[in-house]
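In what follows, a single structure is set out as structure tokens and then discussed.
Per-chain residue numbering starts at 1, and chain names A, B, C and D are given in the order in which the chains are listed.
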Amino acid sequence: MTAALLVEDLHVADAKGTPLLRGASLQARPGVPLTVLGETGSGKSLVLLAVLGALPPGLQAQGRVALAGTEMLVAPPQARRRLWGRTVSVLPQEPFLALDPTMRALSQVAETYRLVRGFPRPRAQAEAEARLRELGLEGTGTRFPFQLSGGMAQRLALAILRAADTPVLLADEPTKGLDAPRRDEAARRLRDEAERGRAVVTVTHDVAVARALGGDVLILREGAVVEHGPAAQVLASPSHAYSRALLAAEPSRWTRPARPPSPSGPPVMEAVALRKSLGGRPLLREVSLTLRPGELVAVLGSSGSGKTTLGDLLLGLMRTDGGEVRRLPGVAPWRFTKLWQDPPAAFVPHQRLRQGLDVLSRRHGIPFARFGSGMERLGLAPALLDRLPAEISGGELQRFALLRALSLDPVFLFADEPTSRLDPLTQATVAPMLREAARSKGAAVLLVTHDPDLADALADRVLRLHEGRLASAGCHPGGPLGL
Amino acid sequence: MSGARGLGAALLLLLGGLALLGPSLLPDPALQDLRSALQPPGTTWWLGTDHLGRSVLARAAHALRFSLTLAATAVGIAVLLGTGLGLLAASLGGLADRALAALGDATLALPGLLLVMVVVAFAPGEILPLSGGVALAQWVHFFRVARAEARRVLALPHAEAARVLGFGPDYVLRRLVLPELRPILLTLVGFGLGTAVLQVAALSFVGVGVRPPTPELGSMTTELLPYLPEAPVQALVPAVLVAMLVLGFQLLSADEGQKP
Amino acid sequence: GDGTAPSWPRIVAPGEFAGLDLSRAGHVLGRMGVVETLVGADEAGRPTPELAVSWAVSADHAEWRFRLRPGARFHDGTPVDATSVASALSHAAAGVSVLARAPLAGIAPDGEDVVVFRLHRPFAPLPAFLSHAGSGVLAPGSFGGSGRVDRVIGSGPFRVAQIHPPHRLLVARWEGWWGAAPRLPGALYLATGQGETRAVMVESGEAQIAIGLLPASLARLRRRVRVAVASVPTPRVRMLKLDAASPFFRDQRVREALSLALDREGIAGALLRDATLATDQLFPPALADWHDPSLGPSRQDLAGARALLEAAGWRPGPGGIRQDALGQRFAVELRTFTTWPELPAMATAIQAQLREAGIAVSVSIGSSSDIPRGHRDGRLQMGLFTRQFGLVPDPLGTVLSDYGQAGGDWGAMNWHSEELLALAASLGTTPDRSARRRIGTILREERPVIPIASSTLAVAATPRLRGLRLDPFELRFHLQELDWPA
Amino acid sequence: MMGVVRILLARLAQAGFVAVLVGTVGFALMHSLPGDPAFRIAAERYGPDMVDAAAAEAVRAELGLDGPVLPRLLRWLGRVITLNLGHSLVSGAPVLPELLDHLAHTAMLAAMALALALPLGLPLGVLAGLRPGGAVDRVVLLGAVLLRAVPPYALGLALMVVFALHLGWLPPAGFESPAAILLPALTLALGVAALGGRVARDAVMAVEASPFLRFARWKGLSEAAVVRRHGLRNASIPVVAVLGLQFAALLEGAVVVESLFSWPGLGHALVHAIFARDVPMVQGAALALGLGFVLLNALADALAALLDPRRARGTL
């Protein structure tokens, strides 16, 4: 059987000639899922865009990309466009940006059935509802994207991908922000697609997803393929040093820190009996929480349970329906800060990163050099500073968000899925910075994550948000978290 | 599209040059020769003469200076006032927002002509009261557009992020809202300039505008219109100049709309 | 449906009407043949019988008796009798109308068919005053409780079918008219302010008659086969009014200099498209008794004007503007208005021409009322306007009100002539042609006002329309004589 | 439900505020104009041939124009609640019915102008925005600019000559046949279409650059579907804001076109009223327009909220 898609020796460089991809090659066959793992910023998303024939203007590509017999690098735009939605479909890395802000969720799924696949309206509607249901989104069809939680938006994008039912499916981090059952569910759906004879290419940072998908695995680093082979083989016994390091960096394998000294000092942030309803439904029923300096508390909870809402209430970005939030008095307001679940949403789209940091440094009197050393620690190349937020990879942007937040010397940091777009190896270097912010700078950090291993590895306390209430999810260290 | 920008800049420079230098190089625009009324363009009168036998070229140059000054002043005031209040309303919200919106409605509701007449009554035919009057009639447009756009941008997450990062409303409005507002503002400014010229023409039409013999682009067209069949060039020159002015601004803002 | 039918011609004219009573709508109701007057006027302005078949003045000139037309009826069927005529005209005389300016002591019926006007003093032009649109006869049923007109019931060949001030009047043939039955079943009057619009409307067949064409469109329309253009001279003169008490115009030589500085033929030729309209007589050729055809229009004579100004003590000063011995600049304001579209352009031409003579004129364009008001409060220096000497067909009335002892709102300002007053008084009893000419001469020599150009009334109509007759006094359209065969 | 009531009440309060403001300021402005009202009214009533000092004095006596000013304003404000706007100083007729008639004509004209402008300007603007710098964009830009640069008076006359005279398709002016609205409406529409099209083009360009539109294409939707379902709605948000204003401007600003086409609308009447110092008429017109704008803006805001669900939250 021939490859449904073929990438041979793909080179991509930016306008200045800086290489972004250096001779990547891969192929995907129907029925065999291909999973791409790799370092953040290594070019995974670019490969997918190249396959789709939608590389951003300004980038130059060489090599060969063949999709269902069409040479995507040289084909005229109309020829490429004809394949979209019929031969190939894609789940972009940032669902928040891909969804039409003014269209209801169900319509965004149903229009694929109706307009691309030509189903009559009632059937399209029914199919779309089924897709939503499969992903646990029943009842959200009439909502607009801004009324969805991060994980729900992610699942909605996945539903749209599945609705396309094309021979080739490209999914860029389809499971980020999902809790384990939903993640596994999503992975199983993708594997099913492959088993139905589709060529499925999935980019992920989650080794568990790669395992669940099976098929072939490819590991990318600095724009080149370092390893390629059947999942079982590559995941179990990687041959390349980088692959080994990458796979060994899963949070579950991190060494746990020593037990912290029990926190003292006046609470930085205190919530008493918070209540909040959204869309007419009570979301937080009674949430109380006390955070002291130096404390890192993790909150787990299923997608849509109100974690982001809780953070917004604490930071005063949303009004409470009842209860009280108390902050440590006498502290500048910006030292209570937040890492947004969707990094692109929090960056000014028309502002280059350098400019963004520059105004920040001037606003708060932070020497710009401090950003330099921070970037080095976070593995961010200085060249990235001159790009727009849309021109760097998801993981790079997420690290810039972290850099920005930490530079303000926060006393309280609400970190909403701060590592969702990072590969395990990078996570392992970045995540400790959060702990460090708490330990050595005395900040109170409220970490939201879906990854119990990560919570377990970082947090002093782990809480669980369930049915509008916060409960302790076990005690540190090491206890089984039983989700 | 930077070719378009260049063209726009060139047009505006050309017009600016004509307005700046023309009056001193060309004959007195009020000089009449009734027996040479409505002469076609030729070597004596490059653009012909009007119904009173005055040089249309000389009048056009003077009119351009007058109308440019007037339109720029009027639109300048209207943009500053309208955008300023619009941003203020959007960022304050609540009662202040509603009060400002009501003020805008009230200004719109008061007949523009009445406003202009009252302002102009202080110094009939003077450029500043005229611009003031026109600005008074135009500021609401900028106000409402600025307010709507500011409300939209202020609700976006990156505006929220800027606030969390400790940036004040000043920064948010200047760096986040204004860049989004700029393309539409530029478009409106371009048309606003043309509208200002035409508004003054409409005022002359009802007898409130400039006093004779001041040449002014809008009323030049209106005056010469009855003679269009006999003297098409003369009647169209002022309109063409206004068009070039508006076009220049539109071209200048040509690729502003393309957000990166 | 609005009752219009394709066979009802449409007339577009500039005049709007601000209400129903004759002081506001008389000019429209009269022209459309709804309201009649006791006396009409022929092309030369001579009185003709209308609702009155004959009239006579008593030997002491103190009483006029008008015998009414037998069988005339109002549109509501009631007879036009002496009582209703006397009450309608008394009503007009009490309001804003030309009748109010006549020296009336009372109007009373004498029997069924005679109306008697008693006067304070002899007043020869009374019949002419009675032909003015504001002196129309409305039926008693027209007046509501407070004496306001709330329905228009006239006695003319056409009755009101619909009336919507200020734009629209639809009239329908009235079968009970005393004259020969009109051929037209009805007609529509539409006030249309813009001359260009009227021209296009008649050219495109949307209107059948367009009254008052702009000079610029006239030439074009004359070349069209789809319209017939006709014009008559009217007793309307464009003129400058000067404050003869102001330090600028006190001296008659200055007023004469102004007149000499003007290039009337240039103005008339360029702006009115007819150089022959230039005139420096107050009374245009249309007023044959008053006009002196032996006097051509005075030519522009800048040298003469400068010399006169020089002689009057106005010496050249800085910037080419003259100043007097005290150093006062000869800078004056000229007020005009836009009701007649040519006035602002004429003001601009005058401004340029006076500038040549060393006089700085600033032009202020406002409302027509600025001129009478400026006359009253003394602020007016110069005014440019048009004056209808046939406001009543005998200009004597206008002369009396404009050039009397105290001058007139639309005439002299702070100027009068004993000789003229005496002549005018004598005209109250005798129709003396030489006295009339003499009045014209006095005005021409003393120049309390400076005439510039006379007027024509230009009308365009569908050629198919038969029997169109132009009225120089703009009192009637003569619709009852029109025929518009299909 | 409570929310709706609250919004309605707020709008009502705003309307009341605007009414009082507009009535008072209009009154004050009219009284600060130079010129003697008695003369102005007489000129408007009796025409230039008949206006003189005697006529002005008669008007002054009839209307009691010399009385104190403040009580007149208070009386007006007191009566407004009962919808009694007084009588016109010129025609003597009650203001309200006259005003409603003018307003109806103007609203009809404005609505027709908008109805003509939208299908004219928006599609062209959208096409131009989809291919900025392309042929359509250039032609549309040039056309828009020319249309906005020609005085409405000239534009109207040109249309009249072409459509009424040469082609004979439409009546040139007047309000005798229903078709007579078309030419004045078209004259106004061309200007609105020019601006609306231009704003639409900018908005489409902005939306065109957004990631969700790219994603809509990746979904496989046809270009038409992409534009229709995702482009237009998002791009129409700023367009609605601008067009709402244009409509407002049309209500008042059609003076020149109305008098050119003899359209018995508010603009024309208003100019006359201002010139004639017909204070109750001007106050009434300003009041009607003010309330109209409050309503119009409420509609525009509602439409914006409908188009942009994020706005509907109301918490900004």
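Here is the rule we use: a residue touches a chain if its C-beta (ideal position, glycine included) is under 8 Å from a C-beta of that chain, and two chains touch if they have at least 3 such contacts.
As the structure is a prediction and not an experimental result, all values here were calculated from the model.
Colleague: If you apply the touch rule, which chains end up adjacent to both chain B and chain C?
Modeller: In this structure, the chains that contact chain C and also chain B are D.
Colleague: Taking each chain's centre as the mean of its Cα atoms, which chain lies farthest from chain C?
Modeller: Most remote chain from chain C, centroid-wise, comes out as A.
Colleague: Going by CA means, which chain is nearest the middle of everything shown?
Modeller: D
Colleague: Could you work out how far the Cα centre of chain A sits from that of chain B, in whole Å?
Modeller: Chain centroid spacing, chain A to chain B, equals 49 Å.
Colleague: Where the centres are mean C-alpha positions, what is the separation of chain C from chain D, in Å?
Modeller: Each chain reduced to its C-alpha mean, chain C and chain D end up 38 Å apart.
Colleague: Using mean CA coordinates as chain centres, what's the chain A-chain C distance in Å?
Modeller: 87
Colleague: Taking each residue of chain D in turn, which ones touch at least two of the other chains?
Modeller: 157, 275, 308, 310
Colleague: In chain A, which residues are in touch with two or more of the other chains?
Modeller: Correct list: 390.
Colleague: Mind pulling the residue numbers of chain B that touch at least two other chains?
Modeller: 206, 225, 259-260
Colleague: Chain pairs in touch?
Modeller: After working through each pair, the chains in contact turn out to be A-B, A-D, B-C, B-D, C-D.
Colleague: Sort out for me which residues of chain C touch chain B in the complex.
Modeller: Its residues touching chain B are 195-196, 214, 216-217, 220, 263, 266-267, 269-271, 337-338, 344-345, 347-349, 351-353, 355, 362-366.
Colleague: Considering the complex alone, what residue numbers of chain D touch chain C?
Modeller: Listed in rising order, the residues are 35-36, 39-40, 42-56, 58-59, 90-93, 157, 160-161, 164-165, 168, 171-174, 176, 259-262, 264, 272, 275.
Colleague: Which bits of chain B are touching chain A when the two form their complex?
Modeller: Against chain A, the touching part of chain B is residues 156-158, 160-162, 164-167, 171, 175-176, 179, 259-260.
Colleague: Considering the complex alone, what residue numbers of chain B touch chain D?
Modeller: 1, 4, 90, 93, 98-99, 101-103, 105-106, 108-115, 117-118, 121, 140-141, 144-145, 148-149, 151-152, 154-155, 183-184, 187-188, 191, 194-195, 198, 201-202, 205-206, 218, 221-222, 225, 228, 235, 239-240, 242-243, 245-247, 250-251, 254-260
Colleague: With touch defined as at the start, can you tell me which chain A residues reach chain D in the complex?
Modeller: 52, 54, 81, 84-86, 89-90, 92, 94, 97-103, 111-112, 115-116, 144, 146, 160, 164, 319, 390
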